[in-house]
Amino acid sequence: MGILRGKLLPPALAILFSALLCGIALVVSGANPARAFGAMVSQVGQGTTLVDIINSTGTYYIAALAVAIGFQMNLFNIGVEGQYRVAAVVAAVFGGSVVLPPGLHALAIIVVAALVGAAWAAIPAILKVTRGVNEVISTIMMNGLALGLAAYLIGDDVFGELRGNNIRTPEIAESGWVPGISLGSSGTIFGLVFLAALLGIGYWVMMNRTRFGFELRASGESATAAAAGGVNAKKMVLIAMLLSGAIAGLVSMPEILGRDHTYNLNFPAGIGFSGIAIALLGRNHPGGIAFGALLWAFLDKSGLALDNVGVPREIVTIMQGSIVLSVVVAYEVVRRVELTAQQRRVGRELEAAS
Amino acid sequence: MSTTTPAVVLSGITKRFPGVVANSDVHLTVRAGEVHALCGENGAGKSTLMKILYGMQHPDEGTIEVNGRQVRFRTPADAIKAGIGMVHQHFMLADNLTVQENVVLGAESLHGIGGKARKRIQELAKATGLTVDPGVLVERLGVADRQRVEILKVLYRGAKVIILDEPTAVLVPQEVDELFATLRSMQRQGFTFLFISHKLDEVRAIADSVTVIRRGTTVGTADPKAVSSRQLAEMMVGSELPSPETRESTVTDRVVLRVENLGLVAEEGTRPVLDRIDLVVRAGEVVGIAGVEGNGQTELVETIMGIRKAHHGRVLLGDRDLTKLGTLARREAGIGYVPEDRHRQGLLLEQPLWANRVLGHQTREPVSRGQWLDLDGAKRDTRRIVEEFDVRTPGIDVAAAALSGGNQQKLVVGRELSGAPSLLIASHPTRGVDVGAQALIWDAIKRARAAGLAVLLISADLDELIGLSDTIKVMLRGRLVADADPGTVTPEDLGSAMTGAGATSDAVHEAAQEVEGER
Amino acid sequence: MNPSEAPTTVPPPRKARRLPGWAVGMLGVAGAIVLMSTTSYLTDVPQLTSTGTIQTAVRLALPILLAGLGGLWAERAGVVNIGLEGMMIMGTWGAAWAGYQWGPWTALIAAAVFGALGGLLHAIATVTFGVNHIVSGVAINLLGAGLTKYLSTLLFFPVSHNPRESPAVPKFDTYSAAGLSDWLGELEAEQRVGLSDVAGILRGLLTGVSPLTMLAVALVVGSYLVLWRTRFGLRLRSCGENPVAAESLGVNVYLYKYAAVIASGALAGIGGAALVLNPGQPGYLEGQTNGRGYIGLAAMIFGNWRPGGLLGGAALFGYADGLQLRSGGQTFLALVYGAVLLLGAIVVWQLVRRRWFAAAGGIVAAVLLYAIYYSLDEVPGELTTYAPHLVTLVVLAVASQRLRMPAADGVVYRRG
Amino acid sequence: KDNGGNSAGSGSTGTEGGCKLSEKPPAAAAANTTSSAAGQKVDGSSLKVGLAYDIGGRGDASFNDSAAAGLDKAKAELGIKPENIRELTAAPNEAEDAKLTRLRQLASEGFSPIITVGFAYAESLKTVAPEFPNVKFAIVDGTVEGATNVTPLVFAEEQGSFLAGVIAAYQSKNCHIGFVGGVETPLIGKFEAGYEQGAKAAAPDIKIEEKYLTPAGDFSGFQDPTKGQVAAQGQIESGADVLYHAAGASGKGVFSAAKAANAKAIGVDSDQYNQATVAESKDVIVSSMLKRVDVAVYDYVEAVAKNDLSSLPKVFDLKVDGVGYATSGGKIDEELKAVLEGYKAQIIEGKITVSDKPSS
């Protein structure tokens, strides 16, 4: 009951609330909300939408995990955006320029991506630890620099090559591809979606069963108590940020190794920012994040259907924003109510005992 | 002192918090122009009552009368208008604002925030002897000065009834005397005081009448000149008082902690926070550190714990040099640590009790195995602590925040005595803890000492310090300046030494010889 | 932004400030001018201090300055506002919507109102509901982007036939100090060391000034006066330093936080209007703010939570960005040279203070930079574009430890 | 108060005279307007046409809009039924699968032909086109290797830009011109390359400023008029007095900077002189490099209706009027026009080959 009330009720209420809000917005703008939402739901069954949602969930999930690791200790890694971009370019360049046995090749690319992501995250981490630079600001700046670096690296006089009007890194040889699960006309699920699931499990185990996870959470809840308990705050910042960056580095691996095999100008942006929102939605809990990622992916992909019924697709972004805001408000309210209830219960039980 | 209308009458005040009734049917009458003391053990509801009078909290039942007129305060602003001011238990000052800004805040309509206000502050300071420079940032002031600012704040608003919630807790005896002199002169100018203190001799020194609160209700009002401290205390507790006294010495000659020439510099170019500290604690010995807050005790403890990095000097546990190790390694080496602020440093408030058991022990049995936590072990051992230390809780899965302060502290002490430490560093182990919990904690420390534990005790409660310690060292401006023999020293002597007034008694001697003697 | 990381005890008193703030500011400005004109002279790149460069710097700095000012208001009251970007976007939309119909002044007002709505939302979430400030800010950025896109398709599309763009918005007229400007122009053209540089800078500041620039300057000065010289400001700041104390003195902390965050939103909104009303802008354009809200926040932190410092931060960012956009790689290389000079000065200072380690670090960095300057003809375009980001990062790395944020900044406050 | 222009700098008041121009090309042969099979009415009423736009979509006053115009023309002239037309638009920063879904959606609902606008669709088409072998696809600005049912509709932007360069050289009084690119992509590089070559061909000594607003991958450079304005102003102040832009919406900033400094500007893609959003500064627009996406789209739909794709050119270049220049506003006099036609003829004949990569 407690779990139901504390963990599931807030997001459910928040989704309802924002659906209501968007419904009103739709009515005001003269559209039929029932038709719009109906189109979104029925879109799931169309073509490859379901598979797209699953694939996209995987990508968002990785991004959100990266963010969540930082959040666990109140470290705001706004830089996932830049970390996955730099990691993607370097990994794609690396993958395209070596040939290794199948399996090993893909693994090497993944490792490179993680290392590069971690290295990019190491800069703000080191600045924070040694110079006290606020990570929110430094990671935002690093995002800009990541764009510049990526652009430089794919220049056709550096590592890139021209393809028509596109520009991309050399294609990764087939030995570096990660095959997916083909569902025929419904699309292909990326093999690395399972990497996302694996990361989620690893994250759960780490947070709940290991000393490191405990120290991370302790630092997040009270830096001073953690310090007195022997947790080295600087070390934690460094490790958490590197880990976060390493996971961020994997964000685009499912797509690159499963479908694109290169980094090119169509590279999607903004996944890092979605990751922040999703981590918030999921309360940094691996299950919650999975749910958040799924919801996000659903809104994204089935939002395409809105074009068909003449509703501006932007309503989806409004919905995403309002869900995040109302979820955090709902969680906060529930948290307070629960704490008060618990104190009251403790008081009552002690009264009864004495 | 006319006997016309009383300044304040509180009748039938009841205030409930979730799970606690802080005040129930409290009655209090304060005559105009008197110093009225309010006594009661921790959590008795004194602060709550005063916050109600000051409009910060709203009574569930009951009425307030000020100068004969019934009032309802929605906010402190209403209370201020009615001439009531409050100096809080914990200072309420903004460090990064100047004294003047702190004083005029909220009362800007009186004299603006500029030169006129400054003049008025200086006038007030002159009239009451509370001198402080209005232009200086509060962060640069010591405790006594901060307290002056707090009182000035209240005066500036034209308060006639002034609530002082434990104003002496952070002061040394000499400063207390100064404060009392100020209060008396202000009393002559017609101010009324409500004065809260746990220190009963102080109450008897300053108060004209005293009201005792127990478990949220008024037990009665007495004339402090007519009752003894002991009688008062028993009114508060409702039973015999425990005492911190340790009977026979258990000191051995095995050195457990040795601190050599320890130094700490907070910021390049500033004066050292710790300066040439030499200290030895032996097995079975309690070494107490006395000192006015802010003289480096906190830093000393945190440097020994490795939370701060020593500038120079060494810390040895037994034969092992800890100087280069981190906090965790020092804990693993056998140091238990009761931090001074349990909320900030001792506990993860929103985590369950068993997770709090893990904190600081995350590398050790029984709560972990290698890199992995052992949840069953942690829970089992938490249950042991709950039982052994009489932590009043319905279970070990409740959040630490749900416990009362005393029970939280018992949990912390229990945790820190787990895993057979060879040294316990206890900072203010009974601060803000009620009498029952206090007795239990004293008892635990005494038992561990008897079993050969070395204890470094920091406390502002001089009775506790004198009662528990085998040796007392006095700390002043980052240095250990004097030693005292707990068998003979009085709190007053200690107080003089703490403020640097020099040794006034045989029981306190300059530290230099003692240190030399040890080498 | 995490106050619990503060040391566990009150730090020992810091050394007294020897100079008042304004004097430090003047010295800084003078130092910057000397540095720029020396560099300009030594590298023979007059663009460093030309009128156009300065004008551009002002134009590019304006939105950042206003957003930063918004951040300043919120954070002085203890609310971290990373939602500035979203509020700025709301401002651009509001400015365009009102502006194309009723002109630039209405645009300003509408932008302030729209931004303030974003601020109100942030206040409700953080003050009333106690939501983590960053979290709420992130959500508001999402919402701001989504809402304006939606409203644009709804309201702009029928008029502009483009769902991502508003109809053209009329702009302010600009003003120049006529005679003075010409005289300075002559002086600048003479290319005299130092003098011409100062003339160029002054002329840049006095020529083609839009009312918006004047408004922004007025807002900076006004913010200083309001926050530091009035009772309202004192109360507002006390909420950012110690809200519990403020509340105990009868200050309605919630009210002041609300006021501050709403003002913050309004200022960010005006920053958005500055974008829309910039010459060369047609009006609202999706994605127009392009992270300037975040940069504003960085400028504010850079400026140590003070209006004067913020002005410096915004100017630095605008200057660096303007320089790279206007003249690209070669000129930018001159800045690298300037950095070498600056490092040289720092090294000397460290040597005087006998900080050998810091001095050695400075020398290494200076040598490295000089090597870059020497070996390159031009900084690659990909890298100059984000040079402002790099500069911000470097400056923060150097100066971060001297910064002092409001003590209760980012802390969720609950009454009682 | 400032009145109108001339507040900014010294650049515009250069010495009269302009460049030392190279020898004019021989006059072009008489009009070779090849209006292919004029008069013959093609019936497209049975077609279901799908259009997938790039970011911006219909109304972007740029190449999406141009594609839309082509579609509208096809609708009117070939009799395509409105209910048989579906237009979908890409979102900024969207993931690849959004494009895939968009295309699959159109294809599986029976749309054919499906025209995709923008090279960003190339990768998706590579996947989707083989899945629907009977559907006819086209891609504007892109090529898809190995997919037989995808028709590339590519343009010789460098050829049109060559003429823009010639115009700039002839119009420049300082013999100093500028180019502002939005994002440093290969596509925009073609504009720069042609422009450079054209200007140099007309005036070998000419000085050319060039600036890209953002590097590849950061597409905000197409959306930031402030940056366009600043970059243009910088070029004007260093002496350039004719600016050509290929910067999407940022180009509006270029026009406004030109207007403020009495310089001249050359538009891109469509005839920007007639564009409502830049009406304020239209008098500085001396010409625009036309990229006839509308023509390509229309021709393609017509070819599909006739079931004869082979009639389509491989590249929409000067020869087929796939690119060109605009003369609205009357800033191109007959003499210059003759010069331009001369160069145009030389390019068509192959006497001049225009490179599609910038020299630097």
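As written, the chain order gives the labels A, B, C and D, with residue 1 at the start of each chain.
Keep this in mind: a contact is a pair of C-beta atoms (placed from the backbone, for glycine too) under 8 Å apart; a residue touches a chain by one contact, two chains touch by 3 or more.
Since the model is a prediction, treat every value here as computed from it, not as a measurement.
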{"item": "Pair joined by more contacting C-beta pairs (A-B or A-C)", "value": "A-C"}
{"item": "Separation of chain A from chain B, taking each centre as the mean of its C-alpha atoms, in whole Å", "value": "46"}
{"item": "Geometric centre distance via CA averages, chain C-chain A, whole Å", "value": "30"}
{"item": "Averaged-CA centre spacing for the pair chain D and chain A, given as whole angstrom", "value": "38"}
{"item": "Chain B and chain D, separation of their C-alpha mean positions in angstrom", "value": "76"}
{"item": "Of all residues in chain B, the ones touching two or more other chains", "value": "307, 341, 344-345"}
{"item": "Chain C residues counted as touching two or more neighbouring chains", "value": "4, 8, 163, 382, 385"}
{"item": "Junction residues of chain D - those touching two or more other chains", "value": "184, 214-216, 218"}
{"item": "Inter-chain touch pairs (all)", "value": "A-B, A-C, A-D, B-C, C-D"}
{"item": "Residue ranges of chain C touching chain B (in the complex, touch as defined)", "value": "4, 8-15, 229-231, 234-235, 237-238, 241-242, 244-252, 404, 406-407, 416"}
{"item": "Touch list for chain D against partner chain C, complex", "value": "1-2, 7-10, 56-61, 92, 184, 211-216, 218, 220, 223-231, 233-235, 237-238, 249, 252-257, 260, 276-280"}
{"item": "Complex contacts: residues of chain A adjacent to chain C", "value": "25, 29, 74, 76, 127, 131-134, 136-138, 140-142, 144-145, 147-149, 151-152, 155, 222-224, 227, 233, 273, 276-277, 280, 312, 314-322, 324-325, 328-329, 332-333, 336"}
{"item": "Complex contact set, residues of chain C against chain D", "value": "47, 50-52, 55-56, 59-60, 157, 160-165, 167-168, 173-176, 189, 207-208, 275, 278-282, 285-288, 290, 322, 325-328, 381-382, 385"}
{"item": "Residues of chain A touching chain B in the complex", "value": "208-215, 217-218, 221-222, 224-232, 339-350, 353"}
